[in-house]
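You will see chain A twice below: alongside chain B first, and alongside chain C after that.
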Partner chain A sequence: MLRSQRTEALYALLFLAPFLIHLGIFFVFAFVRTVGFSFTDATLIGQSSRFVGFSNFVELFREPRFLAALTHSISFMLVVTTLQTLLALALAAVLNQRLRGITFFRTVYYIPSVLSSAAVTVIAIWFFQKTGFLNTFIGYIGSVAPVLLAFGGLFVLAQAVQVGWERWRGVPVPWLDPALATISLVVALALTWGLVGLGVVRPLEARPPEFTWLTNPDRFLGIPIPLWSIVILNTFTTIPTLMLIFLAGLQDIPRSLYEAASIDGATPLQQFFSVTVPMLRPVTFLVITLSLIGTLQMFDQVALMGDAAPLDSIIVLAYYVYNNVFSGEGKVGLASAAALILAGLTFAIVLLQRALGISEKAH
Partner chain B sequence: MKKILVTLALAMLGLASAQTVVKLQGFGGNDTAIISSLVREIVNPALEKEGIRAEYQGIEGDYRAALLNALSAGTAADLFYVDIFWSEPLFASGRVEPLNKYFTPQELAVFNRNLLNAFTLRGNVYGLPKDFNTLAVQFNKDLFDEAKVPYLNQTDTWETFKDKLKRIQAALKDVAGLCVVADHARFGAFAYATGWRPFNAQGRTVLDANFRRAFEWYTSLVKDGAGKYAQDLGEGWTGGCFGAEKAAVAIEGAWIGGFLRDKAPNMRYGTTLIPLDPVTKQRGNFIFTVSWSMNAASKNKEAAAKVLRALTSPEAQNWILSRGLALPSRSALANSPIFQRPGKENELNRVVFQGSTGVGGAVLPFKFGALDGGNWMRPINEALQAVITGKKSVDQAIADAQAELNRIVR
Partner chain C sequence: MATKAIRPVRKLDERHLARQRWARAGWVYGAMLALAVFFIGPFYVAFLGSLKDNPLEWPFRYSFAQTQPKNWAAAWRLGQLGAGNPWTGGFAPGAEIPFQISYFLEEGQEPEPPTVTVPTRRAGAGLGAIFDEVQAAQYAQVSEVQEVSRRPAVVGGQPGQIVTYAFTIRYPKGDAAANQPTIPRLPLDVEAPRGQQYYAATLDPNRLERRGRVASWDSVTPGFFGYVFRNYVRVFNEARDPNTGASFFLRWTANSFFVSLAVVLTTLLFASLGGYALARMYLPGKNYLFAFIVFTMTVPSQATFISNYLVLRDLGLLGSLWGMIVWSAVGAGAVFIMKQFFESIPREIEEAALMDGATPVTTFFRIILPIATPALGALTILTFQGMWNEFFKAAVVLSGQQASYTLPLGLSFFRSAYGVAGDWGLMLASAFLSMIPIIILFVVFQRYFVEGVSTSALKG
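Take a look at the complex of A and B:
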């Protein structure tokens, strides 16, 4: 190696050193230690530990709480990844329109992801309480249902009358003609207001449902209700970040493709599925990978939920690991084994996802 | 001139190195200010001649996780707090120094026996009680007056107590009698009154008929209109509801005094003992306490023992007591004139202190043997929650909790 090359390599290493040291200490060293611990019966405060072979792994699969955590983690990952990928894509497609003031909406929709998850979780605990916002809101909607139904019915009626009249006159207006709809809206509003004033239609007494979200041990689609609350919460806070990635991807798609497609007579929906989705494949791969890893390792929302929900209905693998280390004598050996299973699972799922066709290359 | 300066610097360096620094570790928040002042005003002046200086570091956030981590990494302080709640596994681990070597039996005898026993394991004392708390009932006098309900007093039984709460809730529509928490740390006091104990002679937890009686009564508070579930009121503890006047009664320890001072300084409240079980005519209570314990790996054990002595000296405890910050762990201070002073906070402290004595009835330390308290309580807390929220019947909830406890307590 030439002297200049050596100097260059030395400088490169020097610049890389902070990262390499960080990686060495917090990843390589920690990983090797975890592997080591997983074969021992080490505890956090114990003075010595013994080699126990694979018995930690065997014990884990006998423990109901670990099995619950494993099932929760996997179902949480599947549901949240699907939900947030689809919703983020839909939101990005909407926010990619060239409309006046769209930047405002992009900012507004990004806000949930900037909020601290501690704050969001605390707000969510209030939101999901029996007498919290969600139930009160459902109760309110239930109480004004007659008014809303009357309004909806009158709107449909007014629109039908107008469209019928125009078509009878030979004007081919579509059913949802914006000008006629505006008139129908005003008419329906006025009529509803009149009916409510006359007492013909009146709101019911507000009766918020007695449904409990966080303390309910029941299951819906095999997932405990409190975990569904976390699903909603997590989807809400992660969509914005994924949306932003999709938005960047969308803006990279050449407009000429859409122009060509529309010359060929493709409808907007056809354009979306035949141009947008295939062109977004590399971005979708990134989004799904990030989402899979993030959801499998979700910890903070379960930890912050605390005693607001029964542990066995919200526990996930990452929290299981934490809970084993920092309660009682601190079962480091067992927790390390669980952590390795979590790491292995993450790795396997990302590999599987690659193998199953969502590639990194655009078509 | 230069020579003088160098000599001076060397002399100062020598002085500094001659001084032994004893590190203390405990809770963050208020404790940081209180213990730092105590150390500055009482402990350090007393030990100055011996060349010992104490320094307090408060840990914000999860104290237990931080302490366990520090102990396992060998970076823990010389003296640290150990909460009775998770003390036993830690004492059994050998990471904490037994104190019998450093203190004579006479020196140990001055502490409240109940408290010292709480930190004794297999004949060894592993910590000196820093201070303590028990539960008491606080009631908002204005709300009671408004509802025209007589004040709570120490002759109240579960029945009269519940009846008064019901009358309050019926008269004042927006106020709950009590906000009920699904927590053994409150419910347990009532279960102890019935004669039930967390562990039987065989060391097992049996949720027997006594437990069931207390369980039924406690969970019926919500169903019978004497209280509301705390979470439905958006609160996590009975003090939170009380401070916000969402509830007329709270069941808390002396810690509620400082909270109310900030949150509702003008509230007229009274304090009385936990109500009596109408069957046994007993009451139950917990002792919540924290010890000062010594790190077995400390390099300054002798110095740490001296700091420990100063931290729990009569002067130190009087200093804390006179500021109304905590209750002293020395039996002699029970007769302190401070307790007899008039005023709502003094009454609170007096009743909480009485809670640990004979009047308190069945008073058990808030600890659960070799088990982690959090794990042991979880099945009971979840059973309470399931019944209060109407998700399970009493029978079902108790059966489920028993099954889970059988799994944990082996």
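Take a look at the complex of A and C:
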């Protein structure tokens, strides 16, 4: 090694020293120690501990609460990732327009992601109360359903009549022609207003809400209702981040591809499925991976729900680990084993993604 | 003839296309607005809820006492009368507060004056109930209730009359006026005899009970903030340390600032040093090291926190803000961002400095860091936001030490302290208060937030 190279390497180590020391203590040592703990019966208060082999892992799979946490974590991960990815992609496709004031809208949509999950969760718990806003809103929609249905029907009717008329005259307008849809909108609004005024269509009487979100013992699609409320909350707060990543990806797709497609006569929907989706594949995989890892490790929202919802209906792996260390005698051994299973699941996802041949580099 | 027939069709077509373009833009903007309502709406209704006396009232009202200018003006004026303080009000010696209340009586009922009392009332549920405070009931004197006017009216389809009563609440100045305290609140209960129904008052009451016969106020001299932002004022006044009496919320805010700023400083320094070494310096096995750093970012913090908890315990840093700072001093993600940035600047700049014989240390601090200002700015904002919102580490390090909580942990403490009583006004208000710094930061530097996400995620 050249002398100058040695000096440079020394300087590099010096520069990296604070970070490496920090990483050494708070990551490497901590991780090795967790592996060590997982084979012992260590507790937070006990002084000595014994080597117990794999019995912690065996015990975990006998404990109903751990099994609940595991199934909740996995189903939460799958449901939220699906919802988030689809909605974020749809949003990004809508937002990927050349319009004045688009930056303003992007900023506004991003707000839920910036705020602290603690504050947002507190607000969400209020939202999910029995007489909270969500139930009030659902009840309101239910009570005005006749009006909304009448409006929707009139809109479709008006649009069909107009498009039919234009086509009969020989003008080739699409079914969703925006100009005609505007006229249909005005017509439908006026007619609905008239029908409500005449009392032909009436909103139903609003009833006090009866559905509970956070204390509901029922399940929907095998997932407890309280966990569904966390699903809704988590999807709502993380969509904007994923949407921004999609947007960045969308803007990297060359315009010429779309121009070529439209010259070949592809409709917007065809363009979306044969240009946008394939070009976005690397970004989509990145988003899915981020989302899988993020949802698997979700902790704050469960911890903040606290006693608002029964623990067994919302517990996830990350919270299970925390709860085992900081409640009762502090089962460090058992919690470490659970933490390793959580880490193992995360690695499995990363490895799966690698195996599918998509590197972390999108470009 | 043929050309004449074709021409008008073409013209129509062009106009039609223009109309379609305009209409499409309209629909797109409409969709965007609808989405904006979807993302902001929940926060807007929650904010309305935080102003209400009962945020869980059903049906939900968008317009209520606290949103009406009439009450703003009255609260301002009464605060002025009560303690010379139009913002937060109070009840000071020498105060004289005229008050009017109207009741609706159905036809055939004889009006009877209501009973007016200044009750002894605890500040609130949760922590607020712990403290003994000076009660206005000890000092306030209520004058006789007098009927002022009657007028016929139809309310809810029922013919009848509206009767208005007036009374005055005084805080007489004694001989030793210096010993008389200024009292923060002047609660009031007005109970009307059977058959009368509350109709209106100088200031709308906080609660109506027994079918509108009993109206009660938390304070009839609240001042503007004390009335409209009642729950926000309560966050500061009621949630206090039982031992020292210091406001918890102020303490937590200060703690959050301290931790966030300290971590921003350590991160800026250590991450730029580390990132520079990884990006530019010669180090055998550098690529393996970098791969390892990327790997650490995917490991859940639950897999490492037990040992970190024990390490901090052995260092005596548990329950202390320093414990949080030490644990978060520099993150792999920050080093990663800085490395990406340093790789993007041209090498010639440092080569020139090296030629001149500068050591790597001087080159770094004199030449590289000044160039890195944009990246450091983005890192500052992302780190600050991350630390301000950090919940897991706070829950591990600070648990049980209320005085050293940061805001997110404080919110969860409020949740358990006030959640049982269902005191949602205070919880919602504290949630909104805790967001203010991040909202300001976001409004000013939103570009960095937005770019930060897409660059750090995409260039990875």
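The working rule: the second predicted complex is superposed on the first by the 291 of 363 C-alpha atoms of A that agree within 3 Å, B and C clash if a C-alpha of one lies under 4 Å from a C-alpha of the other, contacts with A are read in each partner's own complex, and residues count from 1 in each chain.
Following the convention adopted for this analysis, contacts are C-beta pairs under 8 Å (C-beta built on N, C-alpha and C of every residue); 3 or more make two chains touch, one makes a residue touch a chain.
Only a predicted model underlies this, so the values are computations on that prediction, with no experimental measurement involved.
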(request) Assess the superposed three-chain arrangement around chain A: do chain B and chain C clash, or do they fit? (result) clash
(request) Could you say whether A:339 touches chain B, chain C, both of them, or neither, answering first, second, both or neither? (result) second
(request) Check the residue A:300 against both partner chains and state whether it touches chain B (first), chain C (second), both, or neither. (result) second
(request) Return the chain, chain B or chain C, that is in touch with more residues of chain A. (result) C
(request) May I ask you to decide whether A:329 touches chain B, chain C, both, or neither, giving the answer as first, second, both or neither? (result) first
(message) Looking at A:46, would you say it contacts chain B, chain C, both, or neither? Reply first, second, both or neither.
(response) first
(request) Using the superposition on chain A described above, determine whether A:129 touches chain B (first), chain C (second), both, or neither. (result) both
(request) May I ask you to decide whether A:274 touches chain B, chain C, both, or neither, giving the answer as first, second, both or neither? (result) neither
(request) Determine, under the contact definition given at the top, whether A:181 touches first (chain B), second (chain C), both, or neither. (result) second
(message) Taking the superposition on A as described, I'd like to know which of chain B and chain C A:308 touches: first, second, both or neither.
(response) both
(request) Could you tell me which stretches of chain A are touched by chain B in one complex and by chain C in the other? (result) 126, 129-132, 307-308, 326
(request) Could you please specify the touching residues of chain C with respect to chain A in the complex? (result) 13, 16, 19-20, 22-29, 31-32, 35-36, 39-40, 42-43, 45-46, 49, 55-60, 269-271, 273-274, 276-278, 281-284, 286, 293-294, 296, 298-311, 327, 329-330, 332, 335, 359-361, 364, 385, 388-389, 391-392, 395-396, 399, 407-409, 411-412, 414-416, 419, 424, 427-428, 430-432, 434-435, 438-439, 442, 446, 449-450, 453-454, 457-458, 460
(request) Please name which positions on chain B make contact with chain A in the complex. (result) 62, 64-65, 68-69, 71-72, 86, 89-90, 93-95, 182-183, 229, 231-234, 236, 371-372, 374-375, 378, 381-382, 385-386, 389-392
(message) Using the touch definition from the top, list the residues of chain A that touch chain C in their complex.
(response) 5, 8-9, 11-13, 15-16, 18-20, 22-23, 25-27, 29-31, 33-34, 37, 91, 94-95, 97, 99, 105-112, 114-120, 122-123, 125-127, 129-133, 136, 171, 177-179, 181-182, 206, 208-209, 236, 240-241, 244-245, 247-249, 283, 286, 290, 293, 296-297, 299-300, 303-304, 306-308, 317-318, 321-322, 325-326, 332, 335-336, 339-340, 342-343, 346-347, 350, 360-363
(request) In the complex, go through chain A and note every residue touching chain B. (result) 43-47, 126, 129-132, 210, 212, 214-218, 307-308, 310-312, 326-330
